[in-house]
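In what comes next, subunit A is part of two complexes: it sits with subunit B in the first one and with subunit C in the second one.
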Partner chain A sequence: MRPLLAALALLTTPLHAGVPEAIEGHILPRHAAFAEAAAALNTAAQADCTAEALKPAYNTAFDAWIGVQHLALGPLQEIGGPIALQFWPDTKGFTARQLGMLLKAEAPEAVTPEGFAQQSVAVQGFMALERMLYDEAFSGYVAESYACALTRAIAHDIATKAATLNADWPATAQSLRTAGEPGNATYLAPAEATQALFTALITGIEYNDDARLARPLGSFERPRPTLAEAWRSGRSQRNLALSLTALEEFAALLADGEASETQKLFNDTEAWLDGLDEPAFAGVAEPTTRMGIESLTSYLDLLKETAAAEIGAHLNVGQGFNALDGD
Partner chain B sequence: MTSKLKATLLATAIAAPLPALAGPAEVLANYADIAQAGYEDSLATAQTLQSAVDALIASPSDVTLEAAKHAWLAARVPYQQTEVFRFGNAVVDDWEGKVNAWPLDEGLIDYVDGGGATDENPLGGLNVVANPTLTISGEEIDATEITPALLSDTLHEADEIEANVATGYHAIEFLLWGQDLNGTENGAGNRPFTDYASGDACTGGNCDRRAAYLKAATDLLVTDLEEIVAAWSEGGEGRTAVTSDETAGLTAILTGMGSLSYGEQAGERMKLGVMLHDPEEEHDCFSDNTHNSHYYDGLGIQNVYLGEYQRVDGSVVSGESLASLVAAADPSLDAELTAALAHTMRELGQIKTAAEAGYSYDQMLAAGNAEGEALVMGAVDALVAQTRSIERAVTALGLDGIEVEGSDSLDQPDAVFQ
Partner chain C sequence: MIPRRAFLASLAAAAAVPRASWADAGAPAYLAAARDASGAFALCGLSAAGALRFRLPLPDRGHAAAAHPSRPEAVGFARRPGRFALVIDCATGRQTARLDAPEGRHFYGHGAFLEGGAVLATSENDYATGAGVIGLWAPDEGYARIGEVPSGGIGPHEILTLPDDRSLLVANGGLRTGPGSREVLNLDTMRPNLAVASPDRGGLEVSELPEPLWPNSIRHLALRPDGLAGFAMQWQHDVAEPVPLLGLWQAGQPLRLCEAPPARALAMQGYAGSVAFSGDGQAVAITSPRGGEVQIFDAETATLRAHWRRADICGLAPRGAGFLASDGMGGLFALEADGTATPLARHEASWDNHLVPVRGV
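On to the complex of A and B.
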């Protein structure tokens, strides 16, 4: 009889209070902040496209992006998911190859706003811009060169996407709030809205473990420092820290403050990470420093399990499918 | 919502005194039967491929090469329908990398256009066919004899890099078709049969070693498939895992359906290609058979839901279905999921139809090709939509206390809330 009881519970449970709280206290303000930082990046790029001049605005915008990257539903799903803004991991070297092809072809229409929007995601977003600003193979361009126009096109595209996300979130927020009401075709029951946000939370924690940490760690015999996220700009540790801060905020609001075990593990993980001086996780290649980074894996594993169990039980939902399912 | 609630209450009233009505045990036995039949068909068609490869090597010609390609294409039909068993079942997930790993840096195996090595993979230009002595991770390897063991134990995932795919369908595909150098224009790989010719007729160099590689990879595919057929036969690990625990078994079915629909097929294999506009991002990139790969993946998902599989010999395996269980819990949800799966098959069918009429999948991926993008995205959207219905089925069957992603949690289905 368990299945039938569960089905009844799904239909009759009211919307969990954590859903509107997460929308108001986390999702909407963080998208407003991202749109603002991305607009500033675009303004800075149009004023001076050269690498050194653009780095501060790039880093501020990247910080804000990490604060919303885990919210891969609704508007972000509509524009292609997180890879629309950050194409990573890049297992086949698409970004360098396709940027090289663009720069060689020098097609004027490819760097217009309309033309650039049609290009591959590998030449758009923060990882492509990192190549232009931090990779010596790309960063030596001068003002008014084709590379300068390309840099401006990337910054403009980031700002456009951030503005779209910010503009479209209120409608998705309304759809989440009215889950289960007549006329809501996306979320047929209140629990479906709760599940969607819960899935985003757990997937966000998992991504930090499976991608941000596991890729550079490789194995003890074969560490892979150059597979760390954004190692060229020295943002690997920073991105992990910013992501955890955002996820902690999200978890607290979604669980209505009723997730003390999860909260404690967020604190422990962040404290351990703060104690490291590994901006690009280069220490994975040295046995002495590797241990400090590797320990984060245990913290994140435990954090994910605890959050899934504690918050899942509190919200009375299980996880949905996510983009990390599969290979 | 009111009518759905009533329907559920009605189902409760009817089903309550008859807990065995929908028969999870029968559903799971039929699921295992479909898996076994699918892998048996994959094995039989791989054995046909093996004969065709032997014939190609014995007397290389356009005719024998075409026959081998034809056998490869036929072998993909049943195999792709088994991909739905992959994510929910640890025994399949642990095994499948040997036979269907993708994408691959094919420069590991044979000559390619350009060097092949990349930042991420220094072995991308290893070229085993041309080099009897290899250096992998600083260690010298004697590859004078190209054997199944060399492929599986030394070369496959060499240097712990997943793109070093030395075995399976896609390695064989590359050895039969060669690289597709047509970009996002029409046309597949165009390897000449003389790449297997002897003496002065040999093109591409080292034809004997290329033949040895093809032979070893094909033989290995057959033995790997024998292993998975055994796992789903009576007493096998895969069959036992799903039939001995009803909760774990039903979770395996739905996990396989949802993970293949969403993260793997809609995301990794289809949407990513559209967003990268790169012809290498098509699943069967050498043979241009991607439309069929996607189509039969989708069909496999529909098969396990409806509890029916059309075998390659014309017979049918069918029995109690997951659909009947979902219908007993919530008839409107069963109707929704059945319709969603049918809609996906229509969308995948449109891609297949266009490709078979000469508009190949890599052409659909070209930058600025709005029609091609719409064609692929139609199927992506349908797969995403069916995933939502699959999630609802997980909830309706009371399985949502179980984490549905990694095989770790599937091994311990009750661990999450303990």
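On to the complex of A and C.
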């Protein structure tokens, strides 16, 4: 090798193979599936907006959303982050209050596609739609009512956002693949692309622990079952399971199959979760069933630490230097 | 307390002897603490274009630095809770003095020069009582400890010299911590404030947030030459609550809050790491390394003008009409007030929390 080329080789770490593999095998197909399921939800809502009729399409689309929710970079950030599709946790009760205000005002322009896009994120996305379909305070509406138009507007907005994500991901994927090349102002080095996906993976695992489990668990003295994610539709356990399945696929591709300890912990965590019958995590309030749910936090803690160490070492990246410091 | 005559005497002495200037240190425009690829810690000088002017090793992770207004001398503060700060001659690369926290005190990571560089003030914790303290040191006497005054609150973090060069604005973060620890002992009763302090009389004039925002720890500060200050906060309660993380302070005026719409507020993860005014003074911005977002507000109307997303972004300082921003992956960016960013450089280093402008020439 000529000296100049040798010097260049030292300066340029190539893009880790796991990045294109995760793009092709995980990110792009899952966004295509989400766009398809969200389009089907919109079609179903326009055909029959009533609560019982819409539940199957709602659940299929929600399943597909959980499969991409952790990919909170690029296109998802452009539309406002994961809360643009799922406003949760809703600590101040914004969703119910603002849906109530919309329904009281009955403003026609608020439920047009353009008008609804301007509304607060609290009345958009899957949690607002859950209120319309599963909360008795909202779900009793009839076809061609204002509530029906609102339900259709929410479904339409979900489909629009899913289509935008699916349409915009190829450009972000290209930006990740060309990290460090001249003209790429988003990822200044290949390691930055790797780190962006690695961060999404670890944050995704952490979210299952810190949000999906910790919020309903509360404390032993004060469990908070109504803080469980999507408890009205009985999806709390399902969302956790679907998220783990997606993260497991993501981890395996990103680590290029070189993460056996992480893989084993995904299996252990999923096996424990499968053994529970806690669709809405209501068992957090009963000492006998609480322990089964609480044990999941130990699995997830260990999974997060193991994935961060094992996959981080394999990819030679770490978590955010400043993000973790906190001062 | 320091006799005023002593200041003037030391100022006169400093003026009489020709001394090195910041030009001898390569005329850096900014100081930043960093961790390099080998894991070693350093204090670095950077040009306005993002080029490395000098790199001086630190024994441990740094946090912020204070630049002497005229001599090429920087005080590098250890990450909180620190027991020491190092005085570094940035022209020679040598450590010229070391500040050790007195018995019963530890440093909180920031400091500021005042009185033309005749006094260095440091934010400290009297950990037996939890009272915030401003430590006072004499740069011209080998950085001898010359006194201390109350900070006017608990948990002082960043302190800034006000335009009169005689008084300080103190961000009393409100978080009480024990010796050598970051564990917060008073989450449910915390009550942060902004205090104006002077070496003669300590923190006296105190501005407070409305009670619902008391869990919002006031930690970082930026100053516009006319005396308008921006203060950045870190929400200690639920990160799912959209709260303002930036406010504006002006002497004698009530505090103003810069509110972002809920979706953008939530994107910050309840955490602002640095604050700076734009070079033209018309905008003020905060960074969130946790949320990977910079938010730029209008300094007059206090409304959100733009945001820019970048992972692990934290350091922020004025540059040109806009800003310089640094991140944990080594990136340095020119950021305009409309949210457009241009990469200037990428170093094989992780830039630590703050970019400190060098004022001297």
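Note that the second predicted complex is superposed on the first by the 309 of 327 C-alpha atoms of A that agree within 3 Å, B and C clash if a C-alpha of one lies under 4 Å from a C-alpha of the other, contacts with A are read in each partner's own complex, and residues count from 1 in each chain.
The definition used in the following text is that contacts are C-beta pairs under 8 Å (C-beta built on N, C-alpha and C of every residue); 3 or more make two chains touch, one makes a residue touch a chain.
Note that this is a predicted model, so its numbers are computed, not measured.
Shared-chain residue A:Tyr146: touches no atom of subunit B or subunit C. Using the contact criterion defined above for the overlaid structures, shared-chain residue A:Trp272 touches neither subunit B nor subunit C, since it reaches no partner.
In the superposed model, A:Thr226 lies in contact with subunit B only, and not with subunit C.
When the two structures are aligned on the shared chain, A:Ala84 is found in touch with subunit B and with subunit C.
Considering which of subunit B and subunit C touches more of subunit A, the answer is B.
Once the two complexes are laid over each other on the shared chain, residue contacts for A:Ala185 go to subunit C alone; subunit B is not touched.
With both structures placed on the common chain, the touch criterion links A:Gly93 to subunit B but leaves subunit C unconnected. Of the two partner chains, both subunit B and subunit C are touched by A:Phe321. When both complexes are aligned on chain A by C-alpha atoms, subunit A residues 80-81, 83-84, 90-92, 94, 120-122, 188-189, 191-192, 195, 320-323, 325-327 touch subunit B in the first and subunit C in the second.
Across the complex, subunit C is touched by residues 77, 80-81, 83-84, 89-92, 94, 120-122, 185, 188-189, 191-192, 195-196, 199, 320-323, 325-327 of subunit A.
Only residues 1, 4-5, 8-9, 11-12, 15-16, 19, 87, 103, 105, 118-120, 137, 159-160, 162-163, 258-265, 267-268, 271-272, 275-278, 280, 329-330, 367-368, 387, 390-392, 394-405, 416-417 of subunit B touch subunit A when the two sit together in their complex. Subunit C makes touch with subunit A in their complex at residues 35, 63, 79-80, 109, 157, 182, 219, 234, 238, 240-241, 262-264, 266-267, 271, 273, 289-290, 292, 309, 311-314, 327-331, 341-343, 346, 350-353. By the touch rule above, subunit A contacts subunit B in their complex via residues 1-8, 10-12, 80-81, 83-84, 90-94, 96, 98, 118-122, 180, 182, 188-189, 191-192, 195, 206, 218-219, 222, 226-227, 305, 308-309, 312-313, 317-327.
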